[in-house]
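First the structure, which I've put down as structure tokens, then a few questions once you've had a look.
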Amino acid sequence: MTLTAILIVSAALFGIGLFGALSQKSFVMLMMGLELMLNGTLLATVGFWAFTLAGLPKGQLLAILIMAVMAVELAIGFALVVAVYRKRQADVTESLTTMKN
Amino acid sequence: MIVVLAILGLFAFLIASIWAAATLDAVCRGWIAGGGTVSPAFTPLRTAALWLSQQRLTTEAPDRLNALLSIAGYFALGLVGLALVPIGPDTTLIALPTSVVAWGACESLVVVVVFLHGWSPNAPLALIGAYRYVAIGLPIMLLSMFVLIAAALPAQSLDLRDIVTSQSSVWNVIRQPLGLPLFILLGLSLTLRGPFDYADSADLAGGTSVEASGPDRLGWQIARLVMLTGFSAVAASVFLGGYLGPVLPGPLWLAIKTLAIMTVVIGLSHLLARMPVARMMGLIWIGLLPLSFLDLILAGVLAL
Amino acid sequence: MTTIISIAGILALAVLFVGVLRAAGWSDFAGSATAPQQRPVLGGGDPQTHAWQRFHVRYYTMTLLFVAFEMEMMFMYPWAVVYVAEGGKALAEMGMFLAILSVGILYGWREGIFRWE
Amino acid sequence: MMTSILFYALSALAIWSGWRVFRVDSMIRATFALMVSFIAVGAIALLLSADYIGVATVFMMAVEMMVMGLFMIMFMMNPAGLNPMQMVHQYRFSIGAGVASFVGLSVAVLTTALPVSPLPPGGETLRDLGTELLGNSMLIFETAGVTLLATMVGAVVLSSASGRFGSGSQGAQPPGLTEGGAPAGRKVDAGSGHSHHGGGH
Amino acid sequence: MSWISRLAARAPVPVFIAQGESAPDALARLALNPAIHVVDSPRAACILLISGRIPSALADCLNRLHDQLPHPRATVLWQSHAMEPFSNAVEVDASDDIANALSATFADLLAGDRPSEADILPDAPPNEWRGIGPHGQGGKGMMGGTPYGRPMAKTDDDIRDGLSLDAYTADFGPFLPMFPAGLALTLTLQGDMIQAVTVAHPPFEGDTAARERLLRLLGLSALALRSLHGQKGDGTFRRLVRLSRARAAIPADLGRLPDGSDVRSRFDAMVTGLQTAPASDTDMTLGDLLVGLEWHEALLVINSLDNATLRGVCARMDAPPDSTNDATHADHDMHAEHMG
């Protein structure tokens, strides 16, 4: 287990997440992609914390903040999904541009 | 060597306590029903044999993988709870400095596996049970978080081993009198019992397990009892001083206290009425959660 | 590391448990379910559609509040460990925390999200 | 040695389940595949002696994915994947972007000299974190708390149906338009996409 | 695995009850027998106990119910009438001891002396689906076809919060243990909330088990058993009900009738054993009472009504649901193509 291996794994997670976020049509699947990207970031943060920061507590704090970002993204994202669905019966990204009225 | 012994002992205890819980359940039920029971000690074994010899049914287009994972997962989470509990000074199967948080993770995963159990058969009554359980299972977790944090304050640690040690002079059940009752409510919910039985309730003809037959039904019921054991052991360690006690060896004390908590949980599950889920959700947020705040404040002031 | 090995062992045990339960040979009636046996239980009735659908969750707003609420709790665990050592400052901190959480609950209550929407 | 084996197994699990998220038909399987990916990352964090972060990841993500699953089923048509489905756009571009980011990041990682010795286990990482939260990083901590409060309020405002102007249970049945008439439906903009009962696709 | 069967044969007999018209009074007290286990779901039963006369309108439901039992299974007819599909069933009449008959049938079944009953219905899915569609899954498009033999749900308006999600329509009953005997409802649910209701079959006359069912619905199954003993002045029973906080568990104002009674007051009357007069004739329909309620609340309302009132309420027809069904269906098909 080296930092290089950890960072490559996190890059893979980030890449898959990016693919998902860009390719998925539906809001909720798009958010899954974002969460997966943040998952990769979380792994990289913990890796850096353990190897280069010598256990400096700031690294852990950053990891917690990443999780907080996920929670905020999820809560606000889904609230938006509900609001949009209530108004337009739409659950895919494209309908936002094509259904302007 | 000691690890092997501990594992074997834990297994013996697990099997004994599953059997004891099933028996207690039958006795309690018989007492309240006023009709008595016939050989309550053997009925669980016979019923288990019956379920094993029945056919296992599936529904139209079920989610087979998740059906399997839900039973296995529920069983495993109960066992993890049991493995987190110290059976002596510095002796646990899972030695983790953050075991309180790990137990919290178990609680949240229980919501997931119960949901999956109701989701996988693709049947309406099971599905309603699954969704209803999430509405209660999520907020009630907050109670346990506050209560466990309050127990961690005097120990200055999130390790169950330290929490048990910190009770050598006075048990947490006295230090934070609101803690144990609130935690037992969580236990009722984790084990799908009584007033918090929103997953497998009678108004859904069995809820998430309405479609379970034969070995699947047996697996789910055993998993529920394993979770009851795991929860009771955690509660006994956090509030009743775990293995601490005079004369008798530590593990025996832990077993006695675990059984005591188990009896209380089973008794309450037969005695208290269940309210409609919306009402209970409101009650948890508006009534019980402020109580757990109060519990934390009291514990905090006391700890300083 | 031992933690992960122990948990992996427990998981393996749980899968074994389900596997043994489902193993053929316990029952003389282990055949797979026929089509009429597979219909969902409705006490004799029959549904028109699959049960898996866009299920109308009646408490969705509560779950969003819950996620944010739970995240706040993540800050409380490290706080609990140093509470006694830090003393008064930690007590003030707890007050702030509980105040924030209470405001969240009170707001949700006022908006009526702890009911079936 | 054992640590390395565990690390590679968990990494494989994290990547494989992350990939499954976008390959399965059933939304519930997708959500819980993502949860497995998070749990694997949490376990790797435990291997790196981040005792708190690792377990907290499992805790938080189990809850978040449960909530995510609820919303996935609520808003995706065909949520259980009974009919095979594929709801993607700009597919090639996305694959390209994903691969490019992976390759780019990997090259950057491989060409950098990185330290090789991890943090020894048994440190007081949790206590350090607590002290930091109450000391130097007090401001971050407080900001996060207030941000999360704002999130609570924002999520409620955006998603709540009736709000304080009417009780959900009281409005169970709207009053009739005429005395004793059929309940009035909710208002629909004339000519909007409302009649498209499957969602506008 | 004979030792398992031998052990299993000594378990309490798991019985699922299909109650018909004018079933024997002793049926309700069957659950008090410790050798019998009256189960909630046919999936847990070995014996289907048909008691009383089953109207021919419910024959199909009975056949469906029978086939949902796992093997080994047997049918027992208790003071019922001969029915063509159940020609092999054990028949028990008023003079026989039902508990003995059930135990004997169960023992024979597990010992293999009595063959497990075959399905009544043909082994075919509700709709043909295999090999249809591009993936052979019975559907084309995302919402079309009949994947795995059933169509997918359709979206419908919601009467509470205005999120138009999928509605689920099904016939519930007439043999559900939490419904009054004979009652079958066609319910449309949005999530767990009742959106529309029509009566598919009214409850039988003379049902008296409402108190027991109501207690079970409140999660007090042991107390429900105690209530079956029927001693009028059982003080312990009333004390235990008070201890259980059952009254507080029932929401106030639930299921209020024009005569002012709600579920709570009717529950009080049942527990104290007061014979209240049947609620005065109202012009309420079941839809007025149930639409907009969550599942558990709706069941509390149904079971709090006495038999005469419930039959009266069920007899009044709701305004027929507007006939948009065809329209939505066409719309739905259009979408299926659209997305194919």
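Letters are used for the chains, namely A, B, C, D and E, taken in the order the chains are written, and counting of residues starts over at 1 for each.
Criterion: a contact is a pair of C-beta atoms (placed from the backbone, for glycine too) under 8 Å apart; a residue touches a chain by one contact, two chains touch by 3 or more.
As the structure is a computational prediction, the values presented were derived from the model and not from experiment.
Asks: Please identify each chain that touches chain A as well as chain E.
Replies: Touching chain A as well as chain E, we find C, D.
Asks: If you count the C-beta pairs in contact for each pair of chains, which pair comes out on top?
Replies: Counting C-beta pairs in contact per chain pair, the top pair is A-D.
Asks: What chain is most central when centres are computed from CA atoms?
Replies: When every chain is reduced to its C-alpha mean, the one closest to the whole-protein mean is C.
Asks: From chain E, which chain is the farthest off, judged by mean CA positions?
Replies: Most remote chain from chain E, centroid-wise, comes out as A.
Asks: Could you please state the distance in Å, as a whole number, between where the Cα atoms of chain B are centred and where those of chain D are centred?
Replies: 27
Asks: With chain centres taken as the means of their Cα atoms, state the distance from chain D to chain E in Å.
Replies: 38
Asks: Would you mind pulling out the distance in Å between where the CA atoms of chain C average out and where those of chain D do?
Replies: Taking the mean C-alpha position of each chain, the two centres sit 14 Å apart.
Asks: Going by the touch rule set out above, which residues of chain E reach two or more other chains?
Replies: As it turns out, chain E has residues touching two or more other chains at 1, 4-5, 41, 43, 68, 70-72, 125, 147-150, 152, 154-155, 160-165, 168, 170, 176-177, 191-192, 294.
Asks: Show the residues in chain C shared as contacts by 2 or more other chains, in ascending order.
Replies: 3, 26-29, 31, 37, 39, 41-43, 47, 50-58, 60-61, 63-71, 74-75, 77, 80-82, 85, 108, 115-117
Asks: Multi-chain contacts in chain A: which residues touch at least two other chains?
Replies: Counting only residues that touch two or more other chains, chain A contributes 64, 67-68, 71-72, 74-75, 78-79, 82, 85-86, 89.
Asks: Write out all the pairs of touching chains, ordered by chain label.
Replies: Inter-chain contacts occur between A-C, A-D, A-E, B-C, B-D, B-E, C-D, C-E, D-E.
Asks: Can you tell me which positions in chain D touch chain C when the two form their complex?
Replies: 2-3, 6, 10, 43, 46-47, 52, 56, 59-60, 63-64, 67, 70-71, 73-77, 79-80, 82, 121, 126-127, 129-131, 133-134, 141-142, 144-146, 148-149, 151-153, 155-157, 159-164, 167-169
Asks: Which part of chain E faces chain D closely enough to touch in the complex?
Replies: Those in contact with chain D are residues 133-135, 137, 139-145, 147-148, 152, 154-157, 159-165, 291-293, 319, 322, 328, 331-332, 335, 338-339.
Asks: Along chain D, where are the residues that touch chain A in the complex?
Replies: Per the touch definition, chain D meets chain A at residues 3-4, 7-8, 11, 14-15, 18-19, 21-22, 27, 30-31, 34, 37-38, 41, 44-45, 47-50, 52-54, 56-57, 60, 64, 67-68, 71-72, 75-77, 87-91, 93-95, 97-99, 101-102, 105-106, 109-110, 114-119, 123, 125, 128-129, 131-133, 137, 140, 144, 147-148, 151-152, 154-159, 161, 192-194, 196, 199-201.
Asks: What residues on chain A touch chain E, complex-wise?
Replies: Interface residues on chain A, with respect to chain E: 82, 85-86, 89.
Asks: Within the complex, which stretch of chain A touches chain C?
Replies: Those in contact with chain C are residues 64, 67-68, 71-72, 74-75, 78-79, 82.
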